[in-house]
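Labels for the chains are A, B, C and D, by order of writing; each one numbers its residues from 1.
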Amino acid sequence: MAKSRINIAVLGGSGYTGGELLRLLAQHPYVKVKIVTGDKAVGLPVSSHFPNLETFCSLVFQPMDLPKVTQSADLVFMALPHTKSIEPVAHCIKAKKRVIDLSADYRLCEQKTYEKWYGVSHSSPHLLRQSVYGMPELHRTKISRTKLVAVPGCYPTAAILQLAPLLSKRILKPDSIVIDAKSGISGAGRSPALPYHFPEAHDSMTAYKIGQHRHTPEIEQELNNVYGKTSVRAKGRAKPLTVMFTPHLTPMNRGILSTAYGKMTKPITTKALQDLYRRFYRNERFIRIREESTQVSPNQVRGSNFCDIAILADSRTGNIITVAAIDNLVKGAAGQAIQSMNLMMGYPEDTGLTSPGIFP
Amino acid sequence: MAKSRINIAVLGGSGYTGGELLRLLAQHPYVKVKIVTGDKAVGLPVSSHFPNLETFCSLVFQPMDLPKVTQSADLVFMALPHTKSIEPVAHCIKAKKRVIDLSADYRLCEQKTYEKWYGVSHSSPHLLRQSVYGMPELHRTKISRTKLVAVPGCYPTAAILQLAPLLSKRILKPDSIVIDAKSGISGAGRSPALPYHFPEAHDSMTAYKIGQHRHTPEIEQELNNVYGKTSVRAKGRAKPLTVMFTPHLTPMNRGILSTAYGKMTKPITTKALQDLYRRFYRNERFIRIREESTQVSPNQVRGSNFCDIAILADSRTGNIITVAAIDNLVKGAAGQAIQSMNLMMGYPEDTGLTSPGIFP
Amino acid sequence: MAKSRINIAVLGGSGYTGGELLRLLAQHPYVKVKIVTGDKAVGLPVSSHFPNLETFCSLVFQPMDLPKVTQSADLVFMALPHTKSIEPVAHCIKAKKRVIDLSADYRLCEQKTYEKWYGVSHSSPHLLRQSVYGMPELHRTKISRTKLVAVPGCYPTAAILQLAPLLSKRILKPDSIVIDAKSGISGAGRSPALPYHFPEAHDSMTAYKIGQHRHTPEIEQELNNVYGKTSVRAKGRAKPLTVMFTPHLTPMNRGILSTAYGKMTKPITTKALQDLYRRFYRNERFIRIREESTQVSPNQVRGSNFCDIAILADSRTGNIITVAAIDNLVKGAAGQAIQSMNLMMGYPEDTGLTSPGIFP
Amino acid sequence: MAKSRINIAVLGGSGYTGGELLRLLAQHPYVKVKIVTGDKAVGLPVSSHFPNLETFCSLVFQPMDLPKVTQSADLVFMALPHTKSIEPVAHCIKAKKRVIDLSADYRLCEQKTYEKWYGVSHSSPHLLRQSVYGMPELHRTKISRTKLVAVPGCYPTAAILQLAPLLSKRILKPDSIVIDAKSGISGAGRSPALPYHFPEAHDSMTAYKIGQHRHTPEIEQELNNVYGKTSVRAKGRAKPLTVMFTPHLTPMNRGILSTAYGKMTKPITTKALQDLYRRFYRNERFIRIREESTQVSPNQVRGSNFCDIAILADSRTGNIITVAAIDNLVKGAAGQAIQSMNLMMGYPEDTGLTSPGIFP
């Protein structure tokens, strides 16, 4: 299959998400990375900043020069910090480039919600309406037709995928949802800080930003969408579903384990729930429904684009419990971004994403 | 203070709980360990099985010979597996010895509940009525007067301590409680098995026995007791409170981080909750109420008898969230056992338990 | 390239090395795994024993039935325990199959050396002379012509690759070599045992089998070969080179970091040594010479077939120091085995082995 | 025993060594910490910076005001960075205070050696002659008589203790010593930086500063002293012993495992070496000689002041190998400092240091 390769730019490529994009793109048969920017690493060879990429990438980190970027690339991945993508995305879209933004800046449909949770004003609200939330399992067709994809956050990827089937069937009481998520520390990025200093984080754990994490509104937006099209915009009408979301910092490099709870609206068995999930995700290459919760763990998806899910009913207490695992840097970031790119470009959806997890 | 030391036996001393008892008792000024049994280590010097105890313990593991035990000791700690303590406890009680049992065999008041969750019949149900649940913060007086203490499980210690103040005030809806607990792997004991094999457990996590863990009924028993004296025995009357309990295996040696959720019955602030907790535990040496959830973590209590707790209200979703951390081998087992011994013997309650946590 | 796929058998496929073979072979374009045996997992689907392989492998573990194996497969990988490969290899070779043995049973040229270190007698000594030590960097041509490859041990892979250039130039005093190696715990296999029980191994380290590890004779055999053809058989002539080898158990899942020391025979600079190494390995796809020792670490090669090496001279003490990192399950086992298979079959040497390391 | 408590100051108390001093001093019966300084934490309660110390320390971090320090304290611990202790030590000594310095500034007898390895000039060289290297096992009498103790570095503590008996008997060839040491990451201090960022350090390892670590000259100074009084000052006479020293960053919170090698001068057995070590350290409370190298590991000494040592002969290669484990923050820093304080003050040497290691 002799497709010509498209030219790629990666902005903000010096963090872990950037490194993971470069790792995965190096193995993708239809693309060529032409330019990588990275503020903290300008002038450094990629292979010295990411020694694992030695022999795979001969680029040097550039400063961010947007005209140069749009000149070099057909498609731009942005792995910039939250609030720093707003302008560059607008610039690249104006230059008619395809953009896949891994920040939160174009994930929320509601400008007000974005501004409330991120504390800045959004200078390109018209693009909020154009952008598509880059979760192929829920928005495959829209992704294949858009120029602007906003890649979901890592926690929301697990949370939405593990809860969507339940909400699509209205089996959960919408005000009862508790999401208790545990993340590896690469999720906090590559900038050293005390909570991520090895002796502070190792052999321990903490719950942080309880009820206040910025990933909360995207989870609620998407689950509301699934939940009977109760639009989050529909003020005054149905009370939108909210979720109690608690992230935990866990002594793992990569991976999220997300445990979600909710009250069942009527009695249901584990078997019926498993059937529902198998049907809901029957054509999904990257979703695996597991019999046992103990088969769902970060070390079974490490380095891969899979989301593994277990689902069960606890009739004694009336709860439904679901456990999901992803690699936060792959399905939770770079892998899902490439999955969207494949859809946008008409490549087979799993191109460059066919590795099993690395276990142990 | 020239008290004479009492003689102690430790049965089942070759596991991690036994080792921790020996470590703590070695530093206790009023006791002397005279005999240690341990099936898997009979004939082995304690200091070769637990090299950390070299120079602290010159005993050799003995086979379990109950007459010899009751002859040698005034007080017996039992760190035997669940279901294996029933007979030895009865024997020692009959011999007029004080017993502190670290298994689950005498924790549940209801014989039927025990038999249902542990799958064996209980041959000494009369002792279930005599035994006291060894949590000094809730049962101090009874402990000081009993001959038989059943030391709480590790998960229940955190869960009960973090929820009791809320239930004492009936601030939580009793059917809304979710306890999502994360335990270090020493909680699974010292017998090797695949889930605890390093490469399986390291850099990963799993949820296990969801809704089915045997610690569930003790949590419910104690929380029901606190919750307006709705006795679990009171069949037909009030519906007893149940809890949704999910344990997780976490890549830590020691420690539990327990995150508990419930719906508030009426609006309340974080500040009011903190005040409630500070009052409820105002005279407790081993409970520390923390401002921030990030200050509550296993590495702040490691090796110590503390239970650290943070509490907060999330008015947006109507939830109350509490996070608790303990060392599962100390406050969750050996330390709490010694705290009960101190009460039984009339020693200052914190004798031998005054070490701060080892951080980092 | 429409090659037809060859049929593969994997014997002893239920351990970590077997799982890694299956992971890598699942992505190899020219092979098809037809049969997998695994004593401890007979009857179990591969994807339930290795959940990471769900959707990649639909086989079920078989009992070891050699006639069936030779009937199904063109090439057999053996991932059996040491001493358990002797017979099956002989059987398969007799049946004219290609064999790649990952045990130690055919690594040592000298029958006596094998019998001394492994404590069993070797029933097929004639095959010891046919087998080729499967390190392509030293024996590429022979591997491409043989039917029987003995894949090097994990420690020897790092040790030989990091020392061969020095010995080829006789820059090191042959009686001064110290190899201090640190291995992740997957190197000990998937059978649970106390030293690999998480709480024993985590957050700690030990040195074991000092001077007595069975990998010692293969390191000496190969380094002697490089060192001026001083054959280990040449008794009475030159004194063969010996190495002081100490392995350490390290709290990592995968990876070996090997630090080797020796006295220089004459003054030499770090720069000259780096040049020597770059020349020695100039055509090697899987060897990367690094400027800094801190760039050499297991997390830069994790999941990949690379061996990263740093080399330096310490003129103050007259030592040469070299640090090497590999993934013990890839370059130290399954990956190197596939590299040999590619040579045996005439495929490009890196087929199926082109992934960069997974970092972090 | 009603001794009055002496008043203590801790300078530079906000790092891990400072925290460990505060933890241990909180349990010491004869001292009272009156003032703690810590540049990065001025104004912060100690118990908010070190939550493990809540209920044990009610002090607030002060800025460093030396007159105030000497007014408040009888004895000053300095846990300042290397090169930052020179002046404060001189000030406190001038004010007739006892000083225990945990930096390297007063460890080396030779001013020139200090200035070469630390890159600054030493403004109080006269005090270098007064200071005593704070290793009680080698300098007990001198420590008990001095006003200024320089506490050994963490790596040197393990290396010197594990090699001293061999050198005292001249059993090792002095130019053959290789020390391959592995340290937990708390050894790098509490300031976040990329190599200590959790995802960089976890599940991996690196060798760093090979042959160039600043702990090298103290190891050589002390081993030369033991080795037949070949003074390092004695230029032109005997060639001083040098050591090849390589530190490694290891994914542990605390602990050093040090593996040291050297060529024997004459044949000797493991048994004879063990006897030598048992004799050499026969009266030492904190040295434990172990039968097996696998009993020597950081998790057996964690939180304690012990140094565990194994010693063996490898007649095949003519090497002697010794393995030592310490807790780098206790015997490698704060604990050894308090051991010296006890000697200086005439307290029993193990006062406040009688805890066994925390295992697991």
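Simple rule for what comes next: a contact is a pair of C-beta atoms (placed from the backbone, for glycine too) under 8 Å apart; a residue touches a chain by one contact, two chains touch by 3 or more.
Quantities reported herein were computed from a predicted structural model and do not represent experimental measurements.
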item: Homomeric contact subunit A-subunit D: same or different residue positions, threshold half; value: same
item: Chain separated most widely from subunit D, comparing mean CA positions; value: A
item: Chain centre separation (subunit A, subunit D; CA means) in Å; value: 47
item: Whole-Å gap between the CA centroids of subunit C and subunit D; value: 39
item: Set of subunit C residues in contact with two or more other chains; value: 16, 184, 186, 199, 202-203, 251-254, 299, 302, 360
item: Interface residues, subunit A side, partner subunit D - complex; value: 16, 184-186, 190, 192-194, 196-199, 201-203, 251-254
item: Partner subunit A, residues of subunit B touching it in the complex; value: 175-176, 178, 180, 182, 184, 195, 199-200, 202-208, 210-211, 242-244, 246, 248, 250-255, 257, 259, 261, 293-294, 296-299, 302, 310, 312, 314, 316-319, 321, 323, 360
item: Complex contact set, residues of subunit A against subunit C; value: 16, 19, 23, 26-27, 48, 50-56, 186, 202-203, 253-254, 285, 288, 290, 295, 299-304, 308, 354-360
